[in-house]
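Here chain A shows up in two complexes: once beside chain B, once beside chain C.
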Partner chain A sequence: MPFSFSVIVEAWPTFQAGLITTAIFCCAASVLGLLLAVPIALAHFSRSWAARVPAAVLVEIVRDTPFLVQVFVIYFVLPVVGVPMSSTAAGILALTIHGAVYFSESMRGAILSVPKGQVDAARASGMSYPLTMRRIVFPQMMGYVLPPISNQLVGLIKDSAVLSIISVPELSMAFQNVLGTTFAAPEAFVAVAVLYWLLTSAVTLMMSRLERLTPTHRSAQEMTSLLAKADR
Partner chain B sequence: MTRSIIRVRNLHKRFGESHVLKGIDLDVEAGEKVCIMGPSGSGKSTLLRCLNFLEEPSDGMVFLDDRPVGFIENAHGKRRRDTEANINRMRARMGMVFQSFNLWTHMTAAANIVEAPIHVGGLSRQAAHEKALKLLKLVGLEDKKDAYPAKLSGGQQQRIAIARALAMDPEIMLFDEPTSALDPELVGEVLAVMSELARGGMTMIVVTHDMGFASAVADRIVFMDHGQIVEEAPPSTFFQQPKNDRTIQFLAKMKSRPF
Partner chain C sequence: MTFEWKYVDHALPFLLEGTLITVAVSLLAVALGLLVGILVVLGRQSRFRALRAFIAGYISIVRGTPLFIQILIVYYALPGLGLDLPRFESGVIALSLNSGAYISEMIRGGLMAIPKGQLDAARAVGMPNRLIWRRITLPQVLVLILPPLTMEFTGLLKSSALLSVIGIVELTRRAQEVIGETLRSPEVWLATAALYFIMCFTLGTVTRRLEKAAAVYRL
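Coming up: the complex of A and B.
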């Protein structure tokens, strides 16, 4: 059987709908996840155990269970205890929590990589904790936090395929539908792979643009150019 | 008549099992220059960091102008941590200079200096920059105002750090081994700025190993060993006629160093 592009063209509306759904779910979960990750990361450094312990427990639970199981728990168990769940809500919630935990771990690592002396100097000059975070720690951690977060955003897009299991009409679901109606396996496989690749590489490209703006990247660039000059 | 700007009473600091400060009592008068010397691990830096509450004392109290630093005492002598706002206000009254400079790496020299005056002191951007220029002139680095710390030598970084600490108009300056991380040829320029500051009447507490600086600038030398103050004397007495055995041993070791 020859490879037929016409199959992909004919099934395009299905693929397009799936692609858009995947993009919307991932965008929503990324934004919400990143917002949620900041307090989770900061909670680890709190003096109060009432902040530290819940954050640590959440991180452990999410890191130590498969994403598929988390999706099941949110979609099938929450309604039993009285929280109604649509597949859309469950999908976004699962992706958000999953993303938030991994983002928060990257942020925690990035905060730790800012030398303690930088914070000492800020506190010694009378800067409050929030001011120190906003003016000193956050700008310096950007260079450390963007590369791992870029990886995790790509991971998030790929993990979103799991949501087809609770009937979210996203890209993998679209792929299964096309497969079920056309039986054109090679064409559908290639199409879905290329579409995921386009999504993830768009994110990677965007993130590497962002990385170039961070101070660490700039100083690394300056170093390289200085070394290059010294060589000549 | 002079007054004590800093009073330290029975200060203890424990890190888990290790007892780093074992009952420190110290008074520093306004305008006085005190050098703290002692072998490494004797608690000098910890003492300095307790003065502005970068470390929380385990017991005992530090007073700045008769106000307890970092704690509020109730009528029964029980104490609790002061509000963050009060602690920050106290800290802003003391400038601190660190062994490893700790300039904020993502900011230029000038931005390092104006940061606290603008965001803590509430100074306008323009007023803060005018002040920064004056301070840069004082430390002899007005041409480096737009340089990032990575482009500056250690000596230049430390002079900028001194300017940064002065920008909040502190009543007292704390120096934590300000020249220990410097190449020998860069030590002089930093000590020159500090001597200039001393001549201007600034109250200074300096943890240092530099005997030349201590004997030239200090009004009093405090010698610490194993978390206690074992000897206090004016520099002439301290270096010529030390009384304590441990001081004598320490000075002998310092004098026998190759440079």
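Coming up: the complex of A and C.
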């Protein structure tokens, strides 16, 4: 059976719809996940166990169970205990929680990479905790946090393929539909692989642009020249 | 609907059966993945450009597409190419091909951690390349990659849940079957999640121990 591009062209509307759904789900889940990740990461450094323990428990549970099982728990168990769930809501919720936990772990690592002495110094000179975070910790952790988050965003896009199992009409669902109607396996696979590759490359490219804007990324050479100037 | 322990009790023997398959599939996949990883690392140093290009393509396909799609492809597309495999085998192959790509990166990292002076010394005393690989490089690399390899195994325990889609009766599929019969999804899903949790959490602790041990070895 020769490879025919016409199969892909004919199935394009299906793929396009799937691509858009995947993009929307991933955008929503990454924005919500990043927002949710900040309090989870900060809770790890809290002095009160009432913040530390729930954060640690959530992180361990999400990291030590399969994403598919998390999706099933959210989609099938929550409605039984009284929380109604559509496949869209369940899909975005599952991706968001999963993403938030992994994002929070990279944020935690990045916060740890800022020397503790700096925080102590800022606090000692009378800066409040939020101000210390905003002025001292956050700007410096950016360079450490963006590369792992870029990887995790790519992971999020790949994980979202699982959502077709709870009948979210995303890209891998489109792939299965095309496979089911045309039986053209190589063509469908090439199309879906290229589309996922485009999505993940777009994210990687965007994140590396963002990395170049962060202060820490510039620091290596620029800071030395700045310090040299300051010495004179 | 209240949570009733008797349904957990009822489901547990079935779920444990599924757990056995999950562990077996993951063990097979990590072992074959290690083999694939070693072959990939060796192939990358090959003189043949076609082989290197093929390996680069394989790695970027594995890393750039969802595992879920890879599993479907191995299961549905390979029969079209004349390779009709039973589900279990095609599931194991999909997982091994996937983790082989990641394991090859671990091996590369491990290789770089070995001081170059050792290789020079081995060459200086007249050891042939093959012997250096077998006596000097490989034993050290295997120790160095043991922690990331256990982590990969933990990852496989989790991602093997996707094999339920092609009908391999591992833990997740078993759970679905039990629910189909008892219609008690909260008890069964929470028990299933707990089983995965126990396995992965324990392995996570083991990984941290191994990391400490390997760090000593590195010095």
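We adopt the following convention: the second predicted complex is superposed on the first by the 220 of 232 C-alpha atoms of A that agree within 3 Å, B and C clash if a C-alpha of one lies under 4 Å from a C-alpha of the other, contacts with A are read in each partner's own complex, and residues count from 1 in each chain.
By our rule, a residue touches a chain if its C-beta (ideal position, glycine included) is under 8 Å from a C-beta of that chain, and two chains touch if they have at least 3 such contacts.
Everything quoted here is computed from the prediction, not taken from an experiment.
In the superposition on chain A, A:Q176 contacts chain C only, with no contact to chain B. Using the contact criterion defined above for the overlaid structures, shared-chain residue A:A193 touches chain C, although it does not reach chain B.
Of the two partner chains, neither chain B nor chain C is touched by A:V38. More residues of chain A lie in contact with C than with the other chain of the pair chain B and chain C. When the two complexes are overlaid on their common chain A, residue A:V7 makes contact with neither chain B nor chain C. Within the superposed three-chain model, A:V77 lies in touch with chain C and out of touch with chain B [touch as defined at top]. By the touch criterion defined above, A:E60 lies against chain C but remains apart from chain B after alignment on the C-alpha atoms of chain A.
Remark: chain B residues 52, 54, 84-85, 88-89, 91-92, 94-96, 98, 100-106, 115-116, 119-121, 148, 150, 161, 164-165, 168 touch chain A in the complex. Residue ranges on chain A touching chain C, taken from their complex, read 1, 60-61, 63-70, 72-73, 76-77, 80-81, 157-162, 164-165, 172, 175-176, 179, 185-186, 189, 192-193, 196-197, 200-201. Of all residues in chain C, only 1, 60-61, 64-69, 72-73, 76-77, 80, 154, 157-162, 164-165, 172, 175, 179, 185-186, 189-190, 192-193, 196-197, 200-201, 204 touch chain A in the complex they form. Interface residues of chain A facing chain B in the complex, by the touch rule stated above, are 115, 117-118, 120-129, 131, 135-136, 139-140, 215, 219, 222.
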